[in-house]
Amino acid sequence: MVDHVIVRDVRRSDRATIDGLHAAGTATVHESAGRTGLLGPRVEPRLPGAVVAGSAVTVSSHPGDNLMIHAAVEQCRPGDVLVVSCTASSTHGMFGDLLATSLRARGVVGLVIDAGVRDIATLREMGFPVWSRAVHAQGTVKATPGSVNVPVVVAGQIVRPGDVVVADDDGVVVVPVADAPGVLEAARKRVANEESKRQQLADGVLGLDMYGLRPLLADLGVRYVDRLPGAVDRQPDGVDG
Amino acid sequence: MVDHVIVRDVRRSDRATIDGLHAAGTATVHESAGRTGLLGPRVEPRLPGAVVAGSAVTVSSHPGDNLMIHAAVEQCRPGDVLVVSCTASSTHGMFGDLLATSLRARGVVGLVIDAGVRDIATLREMGFPVWSRAVHAQGTVKATPGSVNVPVVVAGQIVRPGDVVVADDDGVVVVPVADAPGVLEAARKRVANEESKRQQLADGVLGLDMYGLRPLLADLGVRYVDRLPGAVDRQPDGVDG
Amino acid sequence: MVDHVIVRDVRRSDRATIDGLHAAGTATVHESAGRTGLLGPRVEPRLPGAVVAGSAVTVSSHPGDNLMIHAAVEQCRPGDVLVVSCTASSTHGMFGDLLATSLRARGVVGLVIDAGVRDIATLREMGFPVWSRAVHAQGTVKATPGSVNVPVVVAGQIVRPGDVVVADDDGVVVVPVADAPGVLEAARKRVANEESKRQQLADGVLGLDMYGLRPLLADLGVRYVDRLPGAVDRQPDGVDG
Amino acid sequence: MVDHVIVRDVRRSDRATIDGLHAAGTATVHESAGRTGLLGPRVEPRLPGAVVAGSAVTVSSHPGDNLMIHAAVEQCRPGDVLVVSCTASSTHGMFGDLLATSLRARGVVGLVIDAGVRDIATLREMGFPVWSRAVHAQGTVKATPGSVNVPVVVAGQIVRPGDVVVADDDGVVVVPVADAPGVLEAARKRVANEESKRQQLADGVLGLDMYGLRPLLADLGVRYVDRLPGAVDRQPDGVDG
Amino acid sequence: MVDHVIVRDVRRSDRATIDGLHAAGTATVHESAGRTGLLGPRVEPRLPGAVVAGSAVTVSSHPGDNLMIHAAVEQCRPGDVLVVSCTASSTHGMFGDLLATSLRARGVVGLVIDAGVRDIATLREMGFPVWSRAVHAQGTVKATPGSVNVPVVVAGQIVRPGDVVVADDDGVVVVPVADAPGVLEAARKRVANEESKRQQLADGVLGLDMYGLRPLLADLGVRYVDRLPGAVDRQPDGVDG
Amino acid sequence: MVDHVIVRDVRRSDRATIDGLHAAGTATVHESAGRTGLLGPRVEPRLPGAVVAGSAVTVSSHPGDNLMIHAAVEQCRPGDVLVVSCTASSTHGMFGDLLATSLRARGVVGLVIDAGVRDIATLREMGFPVWSRAVHAQGTVKATPGSVNVPVVVAGQIVRPGDVVVADDDGVVVVPVADAPGVLEAARKRVANEESKRQQLADGVLGLDMYGLRPLLADLGVRYVDRLPGAVDRQPDGVDG
C-alpha cells in the first residue's frame, strides 16, 4: 500500500529569487506570503545568527533511523536545504558531523529537521547551520524505509520538494516554487516600506499615529482614564491573563 | 461588562530605588522580597547577559494582536519596562524591531512578554533586551481591544502598573512600589553578607559548617556510612530506561 | 523505612580512563556503550562549549531544598562531577554561585542537576559548567533530608555513585566503573574509524556507498522514480495548517 | 516582608445570584462576563458531570504542603468553593478524602486546586467534585506558612476571596462579587436567546444565515469554487508526516 | 497571495467502503494502510466508546475564530465528518452544542478538531462524538477568513477533503479516497487473521511461538539466564528519583 | 557491551503480603514506604476504578517495538503485573487486545507501560487494567533486542523484577520484596488510624485541632486578620501564584 520512493526530478526556483528571499528574512517572507508557510516554533535555530535560503530536498523518515537521510544526500544539489520529517515524534540525534560533512561536500547550505541533531559543537565549528527540535547524543539505526522528495509535514506545515526554504533566528518558512516570484515582489515592497517606518518611529512618531490606529481604539470602546476606577476589593474589568 | 481602559497616571518608584534593585539582580531581589514576585521560568531571556530594571507599563492584549502594544508606547516614560500579558496562551511574534525602535525612542529599557517576539537578530544588534516565551516569525493583526496599565497576570505572577521590574539571565521579578524601599534595604544587607560567605567557601569552608547544618542533618536522621548496606557497584548490563 | 544515608566510600575510575572518555565526547561514549547511559534531553548544557568528565557524586534531594547538596560537597574529590536528582519534578534554582564557589574549592569540575540553577551570569564568568533542567531565580530552603552517594534516577537514567559522567553540548552520559575500560577501548576504535569516514565523505563519497546501503534500500522496497506519480508541484493556496 | 495572613471576613454574593450563575454554566457565564474570568485548561474536572457554584475561599500554599488548606477549612461556610493556588508548579496529591470529609462537614460544595489530588476513587464515591491539575498519590507535608483569603493566581487567572466560582465539565470561571448581578442578567438573556437559535439550527437553518455571515465572508474575500484550482484528489503514497 | 476558498465539489468514497472501514476500527485501518494516516495523540476522544467513519469536510481556521466552521456546515452531507485545523496552536472552545445541533441537522456523524470544544456535557447528552485537543469554555469570534475543503494539517497529518476518516477510542486515522478499497480489503484479511490469533493466545499459546520469534531473539543475541549476573534483589533504601 | 538478557528466576513476595498492600491502595502504600516508590503522574489509569497488586515482571524495550513484551509473557506467573519501560520517549500503541489475551491466559492481573496502548475499547470490555502514558493506535514492529526482568526506570522510578506493584486511580507505586512486610505493617496501622480521623472530621472537628496545627501556624508567623490591610494600589504580600 505504501509506496516508498526516492524522487529524482524536483522543480526548483531560480537562484535570483532564492537570493531575494534570503535577503528579506523569515518574518518578511511569511508576511509577504499572506502569513502562510511558517513552521511551528518547536524547530529552533541551533547556530544563532545563521540565515539560509535554498530549495527543499525533503525526507520522510522513521524516528531514530537515518537511512533515508543518507539516501537523500545523493539527491541534493548546491544551494539546497535538506528538510527531514519523522513519522512519529522524536528527539533522537539523527544527524551529526559526518552527515554535515557529506552535505557540505554536495553544496547543501543547511538542515531543517523535526528531530534531534548531535555533534553540535563540531557543527558550530564547521559553520553548518541547523534548525532542529532538539540537540541530543542519542544514536540511531539505518534499518527502515522512507521516502525522499515527497511532500512532508514538519512542525505543522506541509513542505514540498523544491519549495524555497528560508530560515533564520526567527524560524523557518517555506514558499512554493510557483508563488516565489510574487512573494519576492511583495517582500521587496515591504522592506522598502519598513525602512521609512523605522525612521519615523526612531524620530518619536507613535505607531498609533503612523498607522492611524486612534480611531480604531475609539471604535473598539477603549477609553483613556487618569486612574483605575479606584476599586479596593476587586480587580478592574478586563484583567484576564 | 468589560471596560477596556488605558490608564495614564501610574505611581512609579524613584530612580535610586530602581537602580539599587538593578544592582542586586533577580535572585537577590526575589529572596529579599520574601521569595515573592518571581515570574515562572517560561519567560526566558533572549539577549543573554542583559540586566534591566524599571517601572512596569502593563498591557493586557489579545493573543496574536499587537494593537494594545502600540497604544502602550505612548504611556511609557524613560526608564520604563513594557510588560505584555495575553488573554490566552500565545507564541505569536507580537513584537519586532519596529516596536523596539519606537520604545527606544521613548527611553524604554526592555520588554517582558508572555508571547513571542521576532526580528530577534535585529533586536540583538540594537541591544534591546527582551524576556519572552518564544521567538517566532508568526505575524499579528491590529484589531482587538485590550487595556494598558491595569494589573495583569504574566507567567503565574500578578504585575501591577508601576511595579519595579528587575530582569536578568535568572528570570524576571516584580516588586510593588510600596515594598520597594524595604526590599532594597534587605537586598543590600544580603549582598554584603554574601560576599563574606563567598570568601569563606572559596577558602574551603564547607556550607555544612558555615551555615551550621550538621545538627540539622543529625536531627533529620541522616546517617553517615562507609558503604551502601549490601551494595553492588553497578547495575547489570542492559539496564537502560 | 527510608534510610537517609551519606555514603563516604565510592569506587571511582582511574583518571586515565576518565580522560580518555572526556576526549571521546558524549555521542561516541554513548555509542561505544551500546547506546546506553544517556540522560534524557531535558537536562541541557548551560555553558555552551563546555566539556567535562569525572566521577559521579550523587545526591537524592527534595525539590526546592538544597540541604543535601551542601552535605554532598564534603564527599567530593578533585575531578568529580556532582549529580543531583529530585524526588519530584522541580525547576527551582537549587544551585547558584556560592555553591559553585564551594565545589570549585574542592576541585569539582561540573554539575548535572534535574532542577534549576541560578546566578547563571556569575557561573558563566567563573566558567563553572552546568547541565540543568532550567535556569530560574526561585529560592530554596535547607530543611528536608535526602541521601548522598546512592543510586539515583536523573532524566530517566540510573546514575550510580562513582559512574563516569561525560557531559558536553550533546548531553550527559554515564558509564559504570566496571564498564569504563571496555567503553573507552571501543570509543578509541570508533574515533579512529570516524576520521577515515569523515575524509571520504568530505571527498564526496556518499554514505550510501561508504556504508553499502544500496542493497538495503532495494530490499526494503524503496524505488527510484523520476517524478511523483500524478504529482502536482504545489498545494493550493490557503493550505496552512 | 511577607505577611502571611488568614483573612476572616469575606464579602460574598447572595445565594440567588450564585444559583443563577450555576444554572447558566461556565461557557455562558464566561461569555456574559465579556469573555473574562476563565481559568486555563490545565485545571480539569475530575468528576465528570459535576456542576458547582459558590463563593471562593482562597488559599496561597507552598507546593507539596497542605497546612494552609487545613487552616482554610475553618474559614469556609456552607455553599463555598475552596480554591487552592501554589507558589510553584506542583502535581503533588495535596488533597484527599480526609480533607473532603472535613470540607463536606462544613458545607463546602467543591474544590478547585492548581495541583494534584488523591483518593480520587473515594472522592467519586462521596460525590465530592474536584477540578485539579493532576491526580497523583504523592504525599505532602504540613510545614510551610501561606495565606487564606488573599487574591491568588490559579491557571493564569486572578481569583479573589468571595468571587463567585462556577465550575463544570467545560472548566472553571470566576466572577467578582460586584460584577455578579450584571453578569447574571446578561447570562439570562443569553440563555433565552440560545434556545431560539438552537431550534432554528435543529430545523436546518444555517449559522451563515442565522448570524448573517455571508456578507462578511464576501468582504473578507472568501470565494466559492467548484474544485480546487489545479487540484489532485490525493497526495502521493508515502506522504506521512 | 493567499486565496481563501470554499470548495463545493469533493470526491467521496462510497458508503459500503466507509462502513467497512468503520467496522475495522482505527488500529486495523492504520495497519492496513501500511501504518500511515494516523493523527497524533493530542487529538483525543471526548465521548468514550464512540466510533465513527465518514468523508472529511475540511476547515482551515484561524485560532479562536469559528467563522469558517459555520461556512463549512453548508458543505456537509449526511455521513460526513467535519475536520477542523487551526493556523496556530489553540485550545479555545471553538465548537459547542449549537454547532453540533446544526451539524446533526445535516447528518454529520462527528467532529475532529485540533483545538478545544465546549458544552461537552450537552454534546454527551446529544451523543455527538468529538475528537479534540482540549475541552475549554473559552469563547471565540467570527471575524477571520479561512478555507473549506482544502488539504489541511491536523496533529501532524495531512487530511484532504473527501478522505475517509475513521475515529474511535484509539485515535483518528484518514485514508485517501483512491486508497480506501485496497485498505478495506487488507483490513478484512487482517481482522479474519486476528480472530484465529486471539483464540490461540487465549488457549495459552505464546506469541513467541505463534509468530516464530524465538530464532529472532537468538539472532539478536538475547540470552536466557537464571539470575542476573551479580545481582542483588533490591536497591538500597533512599533510592527515590 | 550491552548484554540483553531474559532472567527466569525472580524473587516474589508472598500472596498475603501482596493482598494486604492491594487492600491499602497506592496513597497509603506510598506513605507507609516513607513516600518512596511512586511513579510519576504521566503513567495514567486507563480503566477507571481498577485496583491491582502483583509482582513485577519487567521489560526494557525499544520504543515502538513490542518484541520483548512477547518474550516477557513467558516469564509471567499468575498474579504478576507486567511493567514495560522504553529506552526513549514513546507514545506508540505497543500493547493491544491480543497481548492482553495472552497475558490473561497466564493469569497476569495488569499492565504498567511507559508508552501507549491501543484497542482500548476491547481492553475495557475484557476488564484488563492498564496504566499507560498514552492511548494511540500507532503500530509497532518486532525487531529490536531488549531485556526481561532487569531493573528498569519507569516515569522516574526504578522498578526491580519482583517488586510489589500496586496500581489504582491515584497512580502506581512499587515496593521492594524485602521492604514489603514492613510497609504492609505500617500501612495497616495507617488505615486503622485514618478511620478514626475520618470520623472526627465528619463530625466537624477541624484538622487544625485534630493534628494540633494551631501552634505551628503561630510559630510560622501566620496572623489572623479581619480584613486585608486595605491597599488600593497593591496586592497583599504573599500573593504569588
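The first chain written gets the first letter, and so on, giving A, B, C, D, E and F; residue counts start at 1 in each chain.
Convention: a contact is a pair of C-beta atoms (placed from the backbone, for glycine too) under 8 Å apart; a residue touches a chain by one contact, two chains touch by 3 or more.
Quantities reported herein were computed from a predicted structural model and do not represent experimental measurements.
> Report back the single chain whose CA centre is most distant from the CA centre of chain D.
Here the answer is chain C, farthest from chain D.
> Decide which interface, E-F or C-D, involves more C-beta pairs in contact, and give its chain pair.
Of the two interfaces, C-D and E-F, more C-beta pairs touch across E-F.
> Of the other chains, whose C-alpha centre is the longest way from the centre of chain A?
Most distant chain from chain A: F.
> I'd like to know which pair from A-E, D-E or A-F copies the B-D interface, where a copy means over half of the contact pairs are the same by residue number.
A-E
> Express in whole angstrom the distance between the two chain centres, defined as the mean CA positions of chain A and chain C.
Averaging C-alpha atoms per chain gives centres 28 Å apart.
> Chain B to chain F: how many Å between their CA centres?
A distance of 37 Å separates the two centres.
> Pull out every residue in chain D that's touching 2 or more other chains.
As it turns out, chain D has residues touching two or more other chains at 1-2, 34-36, 38, 87, 89, 91, 138, 143, 151, 153, 156-158, 179, 228-229, 231, 234-241.
> Residue numbers of chain C touching chain B in their complex, please.
3-9, 11, 34-37, 67, 70-71, 73-74, 91, 93, 96-99, 101-102, 104-106, 116, 118-121, 134-139, 142-147, 149-151, 153, 156-158, 160, 162, 176-179
> Could you list, by residue number, the parts of chain B that touch chain C in their complex?
26-27, 30-31, 35, 38, 41, 49, 51, 168-171, 173, 194, 197-198, 201-204, 206-208, 211, 213, 216-217, 220-229, 231, 233-235, 237-241
> Spell out the part of chain C that touches chain F in their complex, as residue ranges.
Chain C reaches chain F through residues 1-2, 32-36, 40, 87, 89, 151, 153, 156-158, 179, 182-183, 186.
> With touch defined as at the start, can you tell me which chain D residues reach chain C in the complex?
Checking each residue of chain D against chain C gives 63-64, 88-89, 91-92, 138, 143, 228-232, 234, 236-237.
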